[in-house]
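Two complexes follow with chain A in common, the first pairing it with chain B and the second with chain C.
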Partner chain A sequence: MTVKIGIPRSLLFYYYYPLWKTFFEGLGAEVTVTGPSTKAVLEEGLGLCVDEACLPVKVAFGHVAALRGKVDFIFVPRLVSVFPREYICPKFLGFPDMVRSCVGGLPGLIDININLYRREKDLYRQLREAASPFCRNPLRIAAAFGEALAEHRRFTERLEAGMLPDDAFGDREVAGGKPGGENWTVALVGHPYNIYDSFINLNIIKRIREARMNVVTADNVPGPVVDRYAGTLSKRLFWTLGRRMVGSAYYFMDNPAIDGIIHVASFACGPDSMTGELIQRRARRTGTPFLSLTLDEHAGEAGIVTRIEAFLDMVAMKSELSTLS
Partner chain B sequence: MIGFLGLDVGSVSTNLVLLNEEGRVLKSVYLRTSGRPIAALQKGLRQLCGLLPAKTAIRGVGATGSGRHLAGIIAGADVVKNEITSHAAAAYRLVPGVRTVLEIGGQDSKIIIIRNGVVVDFAMNTVCAAGTGSFLDQQAARLNIKIEDFGKAALKSAAPVRIAGRCAVFAESDMIHKQQMGYDLPDILAGLCEALVRNYLNNVGKGKDISDPVVFQGGVAANQGMKAAFERALQTEVIIPPHFDVMGAVGAAMLARDYVSRGIPTKFKGFGAAETDFRAGSFECDGCPNLCEVVEIKEEGRVIARWGDRCGRWSIRVAREKIS
Partner chain C sequence: MKVTFPHMGNLWICLEAMLEYLGVETVVPPPSTKKTLSLGSKHAPEFACMPLKLNLGNFMEASDLGADTILMAGGCGPCRFGYYAQVEYEILCDLGYRYSLVVMEPPERHISEFLARIRQITGNRSWLEVIRGIKFGYQKARAVDGLEMTAMRLRPREIDPGSTDAALSAALEEIAGARRPEDLPPAIGRAREIMGGVPVEDRPVIRVGLVGEIYTVLEPFANLEIEKKLGRLGVEVDRSIYLSEWINDHLFMGLIRGMRSSSLYKKSASPYLRHFVGGHGLETMGGAVYYNSLGYDGVIQILPFTCMPEIVAQSILPGFSRDTGMPVITLISDEQSGDAGLQTRIEAFVDLLAEKKRRKEWSA
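After this line comes the complex of A and B, so read on.
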């Protein structure tokens, strides 16, 4: 019988879904993903999760709970580090344990450690653990791993070509350049699970596009560019996501094709409060239109929408003036 | 005569203005929303209609404020704009060269930084409404003084008392405590103004480049005590523009004037909208687990607008029904 593996549509799903999915399917498993976040998913997560966690972790609890009774295993890796000498947020590290102690009625959890702090090559050994509950054929595992890495590379290339994860997951051809018709380009900088989850960010990408603006994110910026700009900081940032946000934001400020930056942060996120400030200070110095939005489960739609509208007006007015002069 | 209408439906007040062709404010109406935005807007339209010069033709309508979508549907607005853009538009046309706009309304406060006539930065209060009009209203009522006399009383103070202004609830406790200690009322009122200004500058104004000329607008600008407190804190003159209490509506009307100047005919439904039967209701959509609360506006029993649905299932349907 085919083993069913569930992946919650939350946290680093937005970066590693193609890799995980290809790996498990290569081993003969069937992969199920939860649907987009909804109010019901959030409510479920709020009820199960500790109060002190940030909004995306609470939502992730809801996604895990939604997989109960539908799969044989839930894949919740303990993400310690995904790049050498960098770390992921401690809440990710504790996530499988929090889930295990707070959510009842769970199927088996595949909660392998992903820790590439020492070297990236460790990934193979660590993912092999993930296969152990249902596949012990080393040749099959090696083949699945190779396919998964190739799929991940293809996904990354699509992002760097300007696609956003939701489009890049699919099999559509990479569209050349940005879609036509947009007058301005706004950079959306934030953790992937905040900017790509249209439920928790009140549909920000759609709102920007409806204002005839093009959206780019940190994930469209190639790694070496992020490295170069993040390298201008006086001290190395050791959070992978924070480093990517700061590096790409600094690059966007240097890039005349970018008309403004929106920074999306979760309330109670420690790294966000720091990286947000770093980005905001430089934005002010460089005169880049900048908006900071903080999300939590109590976010009033009216306030967020008014801010986004005013920001887009500001970007449009500023760009119109500069093209006139 | 040709006129342009600006509507600002806010949490506490509903304002309407009439501009002439040159963009000068001819008439304005300031009403309390009293929790019933449709009724307030209709009352405003009726009052403004009575004030109109003979043979006025409305060529454009702009709506703003937290109730802007509602106002836009009921009156038929050409432009529906957020409060920040509207307030900025009014400020830099009525006070040329303005660089900082402080705006405090019923339940929100904003700061807008303008350079060379363009908004370059702004902020709105996030989680705290201490220092906005509602709180001052409430305190005036508690102290049994009219809100109109609040500012004058505060100006009489020679030595403002320090009030903890971090939170409205604690500010009230602290005021009660200071009263019980025996401090003079004007000193407490002036102290409250200073606390609210401190709160505003530390929250909304944090990190903003506040420079001259500074304009103070919104309903709270009527309070002389607040103006004086801002001047003391910023060490500069604070300008209260004419029509400071209806600036949002003025800005919306100006934006509408710009918009229709491209030869676009107005969607204004006429002052008869004040007599039409509009009803707002809501229902919970059960199409998906989001359970959106969908708002429905009916004109004479016919649905003319819906919003509040994330996916557009209901709002799109109205647009389709209109076309067919």
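After this line comes the complex of A and C, so read on.
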């Protein structure tokens, strides 16, 4: 019988889904993903999670709960570090323990540690552990791992070519996510689970596109560029996601093709309180149009929409003025 | 060069001792007050945790006293404290403060980086002197912690309310006043004598373990003097973390034996939390289990609003409480915290603990 593995559509799903899916499928498992976030998912999460957690974690709880009774294992890796000498936010380090303690009636959890703090090569050993509950054939694991890495590389290349994860997941080689065509380009900077989950961010990408503007995100910026700009910080930032956000935001401010930056943060997000501050201060010094949006479970659509619209109007006006002068 | 540093409880006593021993001119910021916090909150990011806001306020107030160099600790994550110094510095720059910043970071490439940073503060003094200075500071930390432990034992048993706190501040003054290492042992003797003079009586007390984020546990202004409040309610408090233990764990790599260290908490936490989560999340979880094993009556977790590692622990503590029957309460502190709110909540909690204890004694 094939083993069913459930992957919650939350947190770093937006970066590693192709890798995880290819790996588990290569081992003969069936992979189920939860559907897009909805109000019901959020409400389920709110009931299970402590109030102080951030919105994406609450949503993630809802996704995990939605997999109960549907799969044999839920894949909730403990994402300690995905790059040497860097970390993910502390809540990711404790996520499996939080889930185990707060969500009842769970099937088996595959909660391996993904910790590449020392070296990237550790990934193989760690994923091998993820396979251990249902597959112990080393050849098969090695083959699946190779395929998974190749798929991850393809995915990353697609992102750097300008696609957004939702388009890049599919096999659509030429998708509509590529910038170009519109007059203005807005950079969307934020954690992937905030900017790519259209329920969490009240459909911000669609709204910007509807205003006839292009959207680029931090993930469209090639790694070396991020490194170069993040390297200007007085101290190396130890959060992988935060470092990517700051590096790309600094690059966007330097890039005349970008007309404005929208920073999306969740309420009470720890890393964002620091990196957002750095970005905002630099934006103010460089005079880049900048909007900071804070999201939580009480965010009202009208309030957010008004602010986005006002910002987009301002961006359009500013760049028209500068072409006139 | 006039060096200042942020407040965290009685940390200033050992830092001042260390720096002055080395002949470095030191400006101790005025004690943290509401004004410090409003100054900090006004300019800090809204969702930064409270220690950052208080640090910022401390630096702004110290600047008025002539400080021009900040001595800060660093870190390499994932707790945001590791980036405090840099963000605080950016904010101070934008506000027009002219500070130079020296951050004691774990070295990225080579130990020489770390030594060079120490040199920035100490100048040309020999390494032997530097080590002596650190030792002097550490001895003061031990002395201060000893006094605080005594105070926590005395408070619920004192006959005249407030006498312990009066004695404690007098005793701390003795320690702070010792200028040279050779003055310290007699000062400790005098301080102990002061504490010994507090009249007490033998009464039954409730024992509570205080766990949580280090800054809110150690800084009375940040936790609204919770230790004093609990003491007056007849509670004997123990903290999961003391300054000298922290120094031993982080600066001396646990070299000094016979002290409680973070490895103890790591072991106790393992049924509930199996990985470090930055900050003191693991210590909080482990501390709760540890106090349960010692037969304490309750555990209080205290954290600054938005503290990520503590939120992980906070999520897991209810499960621990269910499993063991250990009462746990989480208190969150930020610039909106009010004294009366805290008082009410801990009174209710202590009432519950007392009731539970009484029932246990009856049924026994």
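The criterion applied here is as follows: the second predicted complex is superposed on the first by the 317 of 325 C-alpha atoms of A that agree within 3 Å, B and C clash if a C-alpha of one lies under 4 Å from a C-alpha of the other, contacts with A are read in each partner's own complex, and residues count from 1 in each chain.
Assume a contact is a pair of C-beta atoms (placed from the backbone, for glycine too) under 8 Å apart; a residue touches a chain by one contact, two chains touch by 3 or more.
Since this is a predicted model, take the numbers as computed values, not measurements.
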Combined model on chain A: chain C and chain B, fit or clash: fit
Partner chain(s) touched by A:A53 [first = chain B, second = chain C, both, neither]: second
Which of chain B and chain C A:L321 touches, first, second, both or neither: first
Which of chain B and chain C A:C135 touches, first, second, both or neither: neither
Touching partner for A:I261 - first (chain B), second (chain C), both, neither: neither
Partner chain(s) touched by A:D97 [first = chain B, second = chain C, both, neither]: second
Which superposed partner A:T38 touches (first chain B, second chain C, both, neither): first
Winner by number of chain A residues touched, once chain B and chain C are compared: C
First, second, both or neither for A:L109, with chain B first and chain C second: neither
Chain B versus chain C as contact partner of A:E309, first or second or both or neither: first
Which of chain B and chain C A:V215 touches, first, second, both or neither: neither
Overlay on shared chain A, then closest C-alpha pair between chain B and chain C (Å): 7
Residues of chain A that lie at the interface with chain B and also at the interface with chain C: none
Chain A - residues contacting chain C, complex: 49-50, 52-53, 78, 80, 85-91, 93-94, 97-98, 101-102, 113, 233-239, 265, 267-274, 276-278, 281
Complex contact set, residues of chain C against chain A: 45-49, 74, 76-80, 82-83, 85-87, 89-91, 94, 103, 105, 108, 272-279, 281, 305-309, 311-316, 318-320, 332
List of chain B residues in touch with chain A within their complex: 66, 81-85, 108, 116, 118-122, 124, 126, 207, 209, 288-292, 310
Interface residues, chain A side, partner chain B - complex: 38-41, 199, 203, 280, 284, 287, 289-290, 294, 302-303, 305-307, 309-311, 313-314, 317-318, 321
